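So that you can tell them apart, the chains are marked A, B, C and D in the order they are listed, and the count of residues begins at 1 in each.
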Amino acid sequence: AVALVQTASGKTLQQGIAVSELLPDAPTKQIGTLAGEVGTRSTFEKVVKKPSDISSRSPLQDFYGIITPSDLHFERHHAGVPVIDPAKHELLIHGLVDKPLVFTVGDLKRFPSVSRIAFLECSGNFRSGKETLSPQDICGLTSQSEWTGVKLSTLFREVGVKPNASWFLAEGSDAAIMTRSIPVKKGWDDAIVAYAQNGEALRPEQGYPVRLFLPGWEGNTSVKWLRRIELSDQPFMTREETSKYTEPIKEGKYRQFSFDIDARSIITFPAYPKTVEKGWIEIRGIAWSGRGKVARVEVSTDAGKSWQLAALQKPILDKAHTAFRYVWHWNGTETEILSRVTDETGYVQPTLKQLIEARGNTIGYHFNPITAWRIKPDGTVLFKPE
Amino acid sequence: AVALVQTASGKTLQQGIAVSELLPDAPTKQIGTLAGEVGTRSTFEKVVKKPSDISSRSPLQDFYGIITPSDLHFERHHAGVPVIDPAKHELLIHGLVDKPLVFTVGDLKRFPSVSRIAFLECSGNFRSGKETLSPQDICGLTSQSEWTGVKLSTLFREVGVKPNASWFLAEGSDAAIMTRSIPVKKGWDDAIVAYAQNGEALRPEQGYPVRLFLPGWEGNTSVKWLRRIELSDQPFMTREETSKYTEPIKEGKYRQFSFDIDARSIITFPAYPKTVEKGWIEIRGIAWSGRGKVARVEVSTDAGKSWQLAALQKPILDKAHTAFRYVWHWNGTETEILSRVTDETGYVQPTLKQLIEARGNTIGYHFNPITAWRIKPDGTVLFKPE
Amino acid sequence: PVVITDTLPTRFGIGRLATAAEIARLDIDVRPDGKGLPAGQGNSTTGKQIFATKCAACHGTGGVGGPNGSLVTSTNPDRKRPEKTIGNYWPYATTVFDYIRRAMPFSQPGSLTNEEVYHLTAYLLQANGIIDEKAVINAQTLPRVVMPAQKLFVPDNRKGGPEIK
Amino acid sequence: PVVITDTLPTRFGIGRLATAAEIARLDIDVRPDGKGLPAGQGNSTTGKQIFATKCAACHGTGGVGGPNGSLVTSTNPDRKRPEKTIGNYWPYATTVFDYIRRAMPFSQPGSLTNEEVYHLTAYLLQANGIIDEKAVINAQTLPRVVMPAQKLFVPDNRKGGPEIK
């Protein structure tokens, strides 16, 4: 039915026409779903992690802001995700302590609590080798949550950690009984025994019901499904800090106990597989450092010849993914865009070449190079492996 | 089988015993779930909203920190949650503008973006009347997300809002075609046309694919499923700003266009239905103001006779739920605990009595009284309706 | 952290120009001054019949009672406070037209013709004693109807600071 | 915002004292100095047999190759760099015992007896040419085994600031 419609000033004649004919869309003509107990994700959204058996990469190119939806937080585990009944789970703290104690999950929640928004990144978070890699492929083993728990220092005081305790073992309750040795100082500084993530209990993939969370440190040290902490006067030299999570440096040596995550940034838009149109483009990305706050992010739109300061979205938090943006007018000619972060220690994100020069001709853990994206005249965007 | 177990120094004899007999739990003895595309919530967690047909209250007593999990964000809608195909959805901006424009969802995402963590609260967020009310029952129509979108001011510049435009209509694409009139100033100040929430696309219940987000203002004005904005030189006097969302004040008058959310706080632990034990208790809660930052939260553990400053968890953000904590030693005698927020304008959260004195003897929208919890000697906690 | 803003243009050239036709198709609001009211007209007698068929099940016979609330003012001795209705609480008559057209009947929103909405508006105003049975409601007359509740509404005067309002 | 900390006690009195028995049940780690090693002992001949039955399917015959990686150093001309194995990359022998006991065999973790773990440890050290076939591995001998790779490891010397390390 052709209908004469009203103008903005209501002048045109249109008697006897149902308003339904004036309205564009079905949603306005039928009552929607009533309120429920648990919300839903739109079925039009197909945002997923990319899993292997042992890890699953966050779709960084599909995210907005700095919070990672908990069910899209990257995964890395050594024997799958255990099913743990929180009523049966306990944390034992023993070794060089005055009073070895066992805490139920309920006990841990009774202590003074702390929350912080911080990233968690696997130190093996680097892939390269072909042009058709997305941010998720290159660097999807980093995610960010608001973590809540009890400070480990509070528990240290409760058990009375002895002065000669210099390391502690953190042990998980998964089938790998994952263990890492951690300097006691980190426990006093800012370690959290976390039981919540983004407002709710930890997700199973993230250590439900209790995990260690070591802000700024390589993800593997934030032992999930935490069941035991043993205070010691030396490291335990577990398999995860010897055979794994050690990396080659020059002269045939290997670096051990490399905990800090070096500062890194990546442009998540525009990035493969998305495409762009000529004109104004907001270049978007995230930057972070395991050593403190992001001080600055620079963006280059001319393959690294010149650099401009990007805007940083507040709040700029310590050891946290920080969103950066740079509004750019693309004239349609082929170019490369890059981002480079500087953290508050003055560390500037290196190029792959600088990293290889510094460490020798091998790629290992803690690779955080500047990522370049090629923008083709047709608007396709490709990763530039170096 | 009784097994002689090793001591911490490994001395006790225990040959021929499988380590499985030494280990407490099944999770360490079978490979867990492999990594996946989308994470899960532990089946041991039963945290849900409390729904009626038209609204659904967030379980504040079950939350940690300040981010509300998106699927537990409160709901309020007037004709259900519509199903909207983002490829078909458009936003029209017209009226007193130089250039009426239609934006696809993709168009909106191309503009410079902004993110902010802020609360959203329904101005009808108050229940009382019996002792067995939880924070969810009393005040569960408030939630907090990191919202991402384009500033409305950016779109205002794009369409060229005329100088004589003083109000705009925001219209939803639900079956109520929900509309509100908003002063143009709010559009220039800090309004966001949001398309994302906590890192991902808005959830359908929260306005997918596009909603208005007006920081600090009563939730109903943040029109969801936004399809149209019309600039005008006067308000439209829609049903939601006349028959609804107006409240009685003294002398038989009714307050209209009461946008700002007055500062409020609530203790979420200890609170009904949880119970406590004698000894150290961390009193926890959230505080917020629609007019800026939380300046201070005071807690009373003696029924309001004396007040102590609570610790505020950083970051303390503008127009955002802010977590507060107060560590208290409960000696087991009956008492009442209360919290009271002061915002940066100097506004102090009132008692119900003060509110009723100020507004006359009726309860309406924007009721933000101090909430008191009675702690009984047996550790049960009850709401104290006044 | 330095924020680059000087590169930002006023306009990004994003979005497509809206045609008059597509604006009109969506522009269904009605302002207190009548802007937005379509052609057509209604009267309370016809409105009463439509109401009985399409509305009374939810809003009661004659607009009083019903599972979804009264629309017509009445003196009900069972209630402490009078129910808020169009007669005693709605400050603008145009809102009646606007709201019914966009949202009612609840289970079939968007199904009424403009003519039906005019009739229903006329009926609800008449049943509330605001206009008489003979009155014709159209784009000219509706904005002129003065509602009893209009004088009750005052703007928000809260403004932060120590005073509780 | 003022933070109250002076009311905080050192100890909250939360948690229950761990008994020696329950500590021992969980305390399965083994340190480089041997602390944590249980009684028992192993030899490479027995270990070789257990390995063939329970491990070789994943780690290859003789610990070379296999879907889950070599554990024994070999010269494989197909590979640019030698595979990292116990022989060329593990700095401490105690880690072999600790890791196998806690995590292997991958599909049946926690199923080995301490004795079996000693045998397997002896075998993997012998196959890697670190101990000879006659050596007995137990709580006294294992910590004394010096691993070829131990000298390769250096502590992290990165510390922020402008230098790339």
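The rule we apply is simple: contacts are C-beta pairs under 8 Å (C-beta built on N, C-alpha and C of every residue); 3 or more make two chains touch, one makes a residue touch a chain.
Since this is a predicted model, take the numbers as computed values, not measurements.
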Give me the chains shared as neighbours by subunit A and subunit D. B
How many angstrom between the C-alpha centroids of subunit B and subunit A? 24
Take the average of all CA coordinates in subunit B, do the same for subunit D, and state the distance between these two points in whole angstrom. 48
Averaged over CA atoms, how far is the centre of subunit C from the centre of subunit D? Could you give it in whole Å? 75
Residue numbers in subunit C touching two or more further chains are 8, 12, 14, 23, 26-28, 30, 102, 106, 109-110
Can you list the residues of subunit A that touch 2 or more other chains? 8, 23-24, 28-31, 79, 94, 110-112, 175, 177, 227, 280, 327
Mapping chain-to-chain touches, which pattern fits: line, ring, star, complete or other? other
Set of all touching chain pairs, with the criterion as stated earlier: A-B, A-C, A-D, B-C, B-D
What residues of subunit A sit close enough to touch subunit B in their complex? 8, 23-25, 27-42, 44-45, 47-56, 62-73, 75-77, 79-89, 94-95, 110-115, 117, 146-148, 173-175, 177, 195-196, 198-206, 208-209, 225, 227, 277, 280-282, 284, 313, 315, 317, 323, 325, 327
Across the complex, what residues on subunit A touch subunit D? 78-79, 92, 94, 99-103, 107, 110-112, 154, 157-160, 169, 171, 175-177, 179, 227-228, 230, 232, 234, 236-239, 242-243, 246, 249, 252-260, 262, 291-292, 343, 345-348, 350, 354-355, 357-359, 362
Parts of subunit B lying in touch with subunit D, wherever the complex brings them together: 5-10, 12-20, 22-24, 28-31, 279-280, 294-296, 308-312, 316, 326-329
Complex interface listing, subunit C residues touching subunit B: 8, 10-12, 14-18, 22-23, 26-33, 81, 84, 86, 89-92, 94-95, 98-99, 102-103, 106, 109-110, 152-158, 160-162, 164-165
Complex contacts: residues of subunit C adjacent to subunit A: 1-5, 7-9, 12-14, 20-21, 23-28, 30, 34-40, 101-102, 106-115, 117, 139
